[in-house]
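Mind looking over this structure? Questions follow.
All chains are identified by letter, namely A, B and C, in their written order; residue positions are counted from 1 within each chain.
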Amino acid sequence: MASCTSSIPSGEREVSECSSATGGAGKELKVNIEFMGGAEMMFDNQKKLNVTLPPAECKWTIRSLLAYMKVHCAKGGGLERFFTGDSVTPGILCVINDQDWELLDTLNYELEPNDNIIFISTLHGG
Amino acid sequence: MPVLCSANCGSNAVLKRPKTGDALCKECFFWAFETEVHNTIISNKLFQRNSLVAIAASGGKDSTVLAYVLKLLNEKYDYGLRFVLLSIDEGITGYRDDSLETVKKNQEDYEMPLKILSYEELYGWTMDQIVAQIGRKNNCTFCGVFRRQALDRGAALLRVDCLVTGHNADDIAETVLMNILRGDIARLQRCTAITTTSEGTIPRCKPLKYTYEREIVMYAYFKKLVYFSTECTFAPNAYRGYARVFLKDLERMRPTAIIDILHSGEQLSVKDSVKMPERGKCTRCGFVSSQEICKACSLLEGLNRGLPKLGIGKKSHADRIRKALAEF
Amino acid sequence: MCSVSDDLDCLSLTSSGSGTDKSLFHATCKKCRSEPAKVVVQLKEAFCKNCLLLYVNHRFRACLGKSKLIKPKEKILVAVSGSLASATLVDLIHCGLQDTTPKRLMFSPIIVFIDDGAALGLSNEQRLKIFQEMRIMLKNCGLSTFYVPLESVINFEHNDLKEIQSETTLSINECSVSKVRKIFEDLKSVTSKEDLLIKLRNNLLIQSALTLNCSKILTAETGTDLAVKLMSNIVIGRGAHLPLDVGFCDTRCTSVLLLRPLQDVSKKAVAFYVLMKGLKTVFIPAFSSIERKNCSLQKLTENFLVGLHCEFPSTMSTIFRTGEKLSLNPLSPNFGTSSCELCQGPLDIYATESSAYLATQISSAVSKYGKAAINSDGIHVMNHSSERAKNRILSSSCKNEANGTFFNPVCYGCQLILAESNNQIHLLQNSLRKHHNQILRDKMKEEIADFLIE
């Protein structure tokens, strides 16, 4: 299995590489996700989601979290409305522990245990 | 199961009109297309009898179809006009050579005199040379400014009464959107005008203003008109590309969106309290300009002095540089 | 011809690039310079929590104050939809009315919530659930709150306005609901549905305002919403009404003005306001939620602009500022005289030269009737100069052979809606006509106001 290089790998590859690490040094990572402004519609109307990310060799980032969510959490029409490329669709804000993700390097932010992540849709009709 | 032409001529339809969705046969489509351009010309009083009209010819589909249709309508409805083709050679190797060949063919086919003006003879620089000096970042700005003036100068040289360009509905709709995105209120007010006149320059008009680009292609295809259709070799402006894709998406969803945008643009009016740039004359070349030194002269000055950014960006920066140079 | 040539000043539009600005990491608030920053508001300005709340409040108060339109003790209707922005508006007003607030607000707000369920095709259960959520959201705002269902627009009566806190269930007029449903299902495109819904909501807001004796309406449209609306309206042929639809003040109805006090605030700022204050919001699906990503011209425009804004962060504000420079077209032959029967906006359909409307008429005549539509000079009948009077109003192109002309006259944008409707929209005709006449009477009254003896 290829090891994660020091450069940030692209989301999906990171998910498969990191999460398939066997006998990994990492632990499970719990994060609390919330949806507002209609974003919940793309996740089966769930306003809150407690996600436990599997252990991985490299650190989970927002980018890899999104890739994980795309595969495991999104239901019914969520995919094309919430995700665009390896990020969220423009118009969907991301707040990490009460801070605008733009202050935290957006997709590259490395997740910590029990981080609170809120996605707010500012688009009409979610 | 063949579909009948919706104009009730009895023939089978061979195409669907992008503008209205009606199924038409070839002949009825030609007739509809030509009649609409005719109505545009008459209702907007674009031409006076016995005028000499220059057709801006690039060898592309718009100008080829424009020349063809104008000639046809002139004969059919006796406009009493004389035409001349005016083509600008930007000096871009490869791109220009082929399109000029097409223009020369147009001249033969449509039996119109042709005048070719080059950037070289007008400004002393070809686009190839300009790009070699300044790179590919601002080259479209240079080309655009120079071409606009080149057409005006050519029209003046030929002593024509009017200059027609092949701008179509898509072009103008896109320009409306772009001017809003850029916040250019002055251009926004002017861009939907079918005729633009300003003191000291020859009036320009756009007979194809309400013609859809797709219909121009369709017309050229069925009439088997020859035109040149490759993109300019130098990288096109990326921002306008976004607007173009957006416009195409709109058209796909609602074909009338293009005309709807034109209608909206025509209805816009600027508040009296908004200050608009005054249109005076360039102190160097005499052409219409809202600045003391027109854009073309500024850009040329920059090229000639080896200061390629002179004339790009704010006027205040250019003035500062000039002042600094003068003091040097 | 290369059409790129017309971009003379595109150089200011350089992309902000894909990399994040490292100067923002762990930044301190730009305003107070003491607290850690929590949100980037516009063009790299980072604010802390308190400064953001102050910023939003300041923008709101400054906008209202600058207009000098609100008088003390004036009754003002506040339109609330459950969205992030309306939650913000309610909170700003609530805080502004407190005794402890310096320069407290002196007007009397009344909250009105319009239930669009009938138009959106929601079931009665879904509507009840939303109603209950709205009740909770507005419970502690300390203001009178009213509820009115959209279907009341069919035949509006004063008791259609119900106090939210005193109602436990909804009394739904199934007959009106079914009429509204028919009208909306009858329209072919989601674009027209969204457009018509906005027109009917505004209509209902004005009727509610008149009933409640309010002389003004406040809506929670943010600067971002208005920039998107500007572009969308251009795309759906409503350029003539931009100053009314997108400007600070909509003056269609002279006795009830509609104001947009959040126009100087971005959607993002509002979202963070809600988050930081822990405000409740109610999400109500729109037409576009139910379908695919780009199902209407308005949604397509929004996605385009929001995407463009990410790369060019001055997009929204530039569009908005362009809109601020626009006024109604005084050269239009019907200026100040006639208005559209559906949306009450000034009529923008008239036969002058260089009009796109004329071109569309010619196109459809030429395609449908062929040579029969043209005289021997090749001119379309409507184009003939001898038949064209300067102030001629051309009636709407929605003529149903079986039923005659429905709405006459209508503006270009409304005409596009009518063209898609098979028939059902005439269910609205009576009430819209009544409303239209009411507005005309208001205008007449204003003209002769100085001469009326009370």
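Here, a contact is a pair of C-beta atoms (placed from the backbone, for glycine too) under 8 Å apart; a residue touches a chain by one contact, two chains touch by 3 or more.
Since the model is a prediction, treat every value here as computed from it, not as a measurement.
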item	value
Centroid-based (C-alpha) most distant chain relative to chain B	A
Among all chain pairs, the one with the most C-beta contacts	B-C
Centre-most chain, if every chain is reduced to its averaged C-alpha atoms	C
Inter-centroid spacing, chain B versus chain A (mean Cα positions, whole Å)	48
For chain A paired with chain C, centre-to-centre distance based on mean C-alpha positions, whole Å	35
In the complex with chain B, residue positions of chain C that touch it	1-13, 15, 189, 191, 230-231, 233-240, 242, 294, 296-297, 300-301, 304, 308, 312, 315, 318-319, 321-322, 325-332, 348, 353-360, 362-364, 366-371, 374, 377-380, 383, 412, 416
Complex contacts: residues of chain B adjacent to chain C	6-9, 17, 19-20, 22, 24, 28, 31-32, 35-36, 38-40, 42-45, 56, 58, 60, 62-63, 76-77, 138, 140-141, 143-145, 147-148, 165-167, 171, 174-185, 188, 192-195, 209-210, 232, 236-240, 242, 246, 249-250, 253-254, 256-257, 259-272, 274, 295, 312-313
Chain C residues within the chain A interface of the complex	20, 24-27, 37-40, 46, 49, 83-84, 224-225, 267-268, 271-272, 274-276, 281, 283, 285-289, 292-293, 298-299, 302-303, 306-307, 309-310
For the chain A and chain C complex, residues of the former touching the latter	36-38, 40-41, 77, 80-81, 89-91, 93, 95, 98-100, 102-106, 108, 118, 120, 122-126
